[in-house]
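A, B and C label the chains in the order they appear, each numbered from 1.
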Amino acid sequence: MFRSPSGTGCIITLTTDFGLDDAYAAVMKGVILDTCPAANIVDISHSVQPQNIAEAAFLLRSAYPYFPVGTIHCAVVDPGVGTARRPIAIRANRGMLVGPDNGIFTHVVLEDGLVDRDGSLLSGGAVELVASEFRRAEMSQTFQGRDIFAPAAAHLGLGVPLRNLGPTVKEIHLLDLPVPRMTAGVVHGCIIHIDRFGNAISNITVEVTPRVARVIVNGTEIEGLSRSYQEKDIVAIFGSIGFLEIAARNGSAAHRLGLQVGDSIQVSP
Amino acid sequence: MFRSPSGTGCIITLTTDFGLDDAYAAVMKGVILDTCPAANIVDISHSVQPQNIAEAAFLLRSAYPYFPVGTIHCAVVDPGVGTARRPIAIRANRGMLVGPDNGIFTHVVLEDGLVDRDGSLLSGGAVELVASEFRRAEMSQTFQGRDIFAPAAAHLGLGVPLRNLGPTVKEIHLLDLPVPRMTAGVVHGCIIHIDRFGNAISNITVEVTPRVARVIVNGTEIEGLSRSYQEKDIVAIFGSIGFLEIAARNGSAAHRLGLQVGDSIQVSP
Amino acid sequence: MFRSPSGTGCIITLTTDFGLDDAYAAVMKGVILDTCPAANIVDISHSVQPQNIAEAAFLLRSAYPYFPVGTIHCAVVDPGVGTARRPIAIRANRGMLVGPDNGIFTHVVLEDGLVDRDGSLLSGGAVELVASEFRRAEMSQTFQGRDIFAPAAAHLGLGVPLRNLGPTVKEIHLLDLPVPRMTAGVVHGCIIHIDRFGNAISNITVEVTPRVARVIVNGTEIEGLSRSYQEKDIVAIFGSIGFLEIAARNGSAAHRLGLQVGDSIQVSP
């Protein structure tokens, strides 16, 4: 499935905190194309808040299910660059994951069932990216996106088998993600992302909340679940990736209700 | 012209208000590539002010004439997502237009002569995107860019005929755009866009103003028409897409003269 | 090396101050694809501060070495558009450079050894882009990125020989770049770029500073050279493109130390 000897049709996505004002993201693209000229490189986002691994993990998880099977996802938010944290690549259900072993793949590996709650690998496969023939010849201490991750993604795109990139890894580092709790029928979750529209996205999925009678967030009560952003002024709605979100008609719910990442949210049945 | 059975060489542009901080634009790209792997996806802009249909319509119109014939333009600024407004696709002179029927294609369909001033279709062809085999199997109420528009664009890119995507539409919703008026030889227009350089672009075209002796905008008088941004401190000049614009040498005219979208501008012959 | 009759595999990069909010960058892409459908267009950055040629020159130089040989780099930061400054294309060691002759290629042509310190061409080759068959038929005074530079890059991508694009140019305009000086063993340089992480990048390379005992910048003394951003609170480190930079662990050195582009920095052996 991942073999593509000429690299034809391979898709490589990038998720980083490099921004678009500097040349760092472009440098990764140059390095990828130098090895794998046919790569179709797609930006997921380069606007992750600097060193915010959790935000990158959320964005990657938001996009991952929609890319073709076989896509190579390269994610580099890497405050520990140049320290002991390992560079890794993981075979996931829908493609490959390439990046630092710092929790950036937490959502994807959990939702794909690749690891248990401690990060021990159950299926798939993962390696530490140490094989020197698949790194840049000149290595820096400060830009492994260029020197390790882009070359690894490009070689996977060419069809190099995962096992050639380095020794097997048995355990993946996971972020300690907030998980919704249920007490006396009430689901307690929290806001995990505010999007550009000011929609406040929680970690509460439809699976854990079969019925929604009332939502309380930051002192505001919202009655019932809506089907459209236009239904009323402030709505609670299961958004496009399956999480309960709070939105405002033609405006920013985060701004109107003063919501931030980390705020608690309760759903009563 | 639009048939391209393997999708080879098809270009799909995106114009949205999704921003680049979230994964929404990337999700659309993943969905497009999943159906049409050879699509060359080009961003026009994802930085449209949230829910500003007029701005998206202007940006699309600014780029449309320069893309190859056969390009598929997918534009999603969609405050009415999940309500009764129709999802549509239109055959235009230089390619296909895919998006909500909320006025986002106003400039293009008028300038291509596809509709009359009321939006009644004169030529080309348009359909409502309801054929379920060309939508995503799982539909959300909140992200039709992913569920309807990206799949429609991708299938058009594969060469699926427009008529297969749904029933014919006879009328396109148009924005009520400000049109320049002429009184006693003076052309009265308004500022419709401020660009990154602070150039203030009006809706006055060279066709309606064969002679420009004096321009008045926000209390400032500018004598004569210039040929270069460097000619003097504040210039009136016909810009790159044919509209009269006000620019400052090495600076922002909008800032210096306090100009905003909607400000009136007069041209005396 | 640069011939590619069908345009297969040609890479064209863009470095501009057009931003991503307007359609200008997209217009250049449309024009390129209209001539050279197989072009793989890669953004280096469109976020150069308006009319800041030095910043564009630095970003281009940061990315240039990492792109495949044969890449065509089109850079348009052009305050003099429509005036007498020449539009040019240059054959460099690793590809082609296309843009205004205003110093935007200074770093690349110096580091490639194409010119002497006065800008006189020593090797490579350069032309003025005046051949009308390789420009757009309709020319504006305000957007030569669309009318001259994008068409030139696209035709080079198709394999049109450089000499066909116009008459030979013997001298390239260079920026007056700050060069590090050595006095009594101390290297005196300056900050030339602040990146998104707040890392302050100087013009001091490892070649001119074989030993670093102490760095002084804006009144702060930093002892010794570090190997990782995590080593201590404020580090001096040779960054990924070979320049000495000042960084803060998990934060912005520029913010903490009040550093700006142009600030002086001293290195004692």
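Just so it is clear, a contact is a pair of C-beta atoms (placed from the backbone, for glycine too) under 8 Å apart; a residue touches a chain by one contact, two chains touch by 3 or more.
Here the structure is a predicted model, which means the values were calculated and not measured.
Taken pairwise by the contact criterion, the protein chains are fully connected, each one touching every other. A rotation of 120 degrees, rounded to the nearest 5, superposes the Cα atoms of chain B on chain C. Note on chain placement: the centre of chain A and the centre of chain C lie 32 Å apart, centres being C-alpha means. Shared contact sites, meaning residues of chain C that touch two or more other chains, fall at 20. By the touch rule above, chain B contacts chain A in their complex via residues 17-24, 26-27, 29-31, 33-34, 37-38, 41, 50-51, 79-83, 140-143, 146-147. Residues 9, 11, 13, 20, 40, 42-47, 59-60, 62-63, 66-68, 71, 193, 195-197, 227-230, 237, 239-240, 250 of chain C are the ones touching chain A in the complex.
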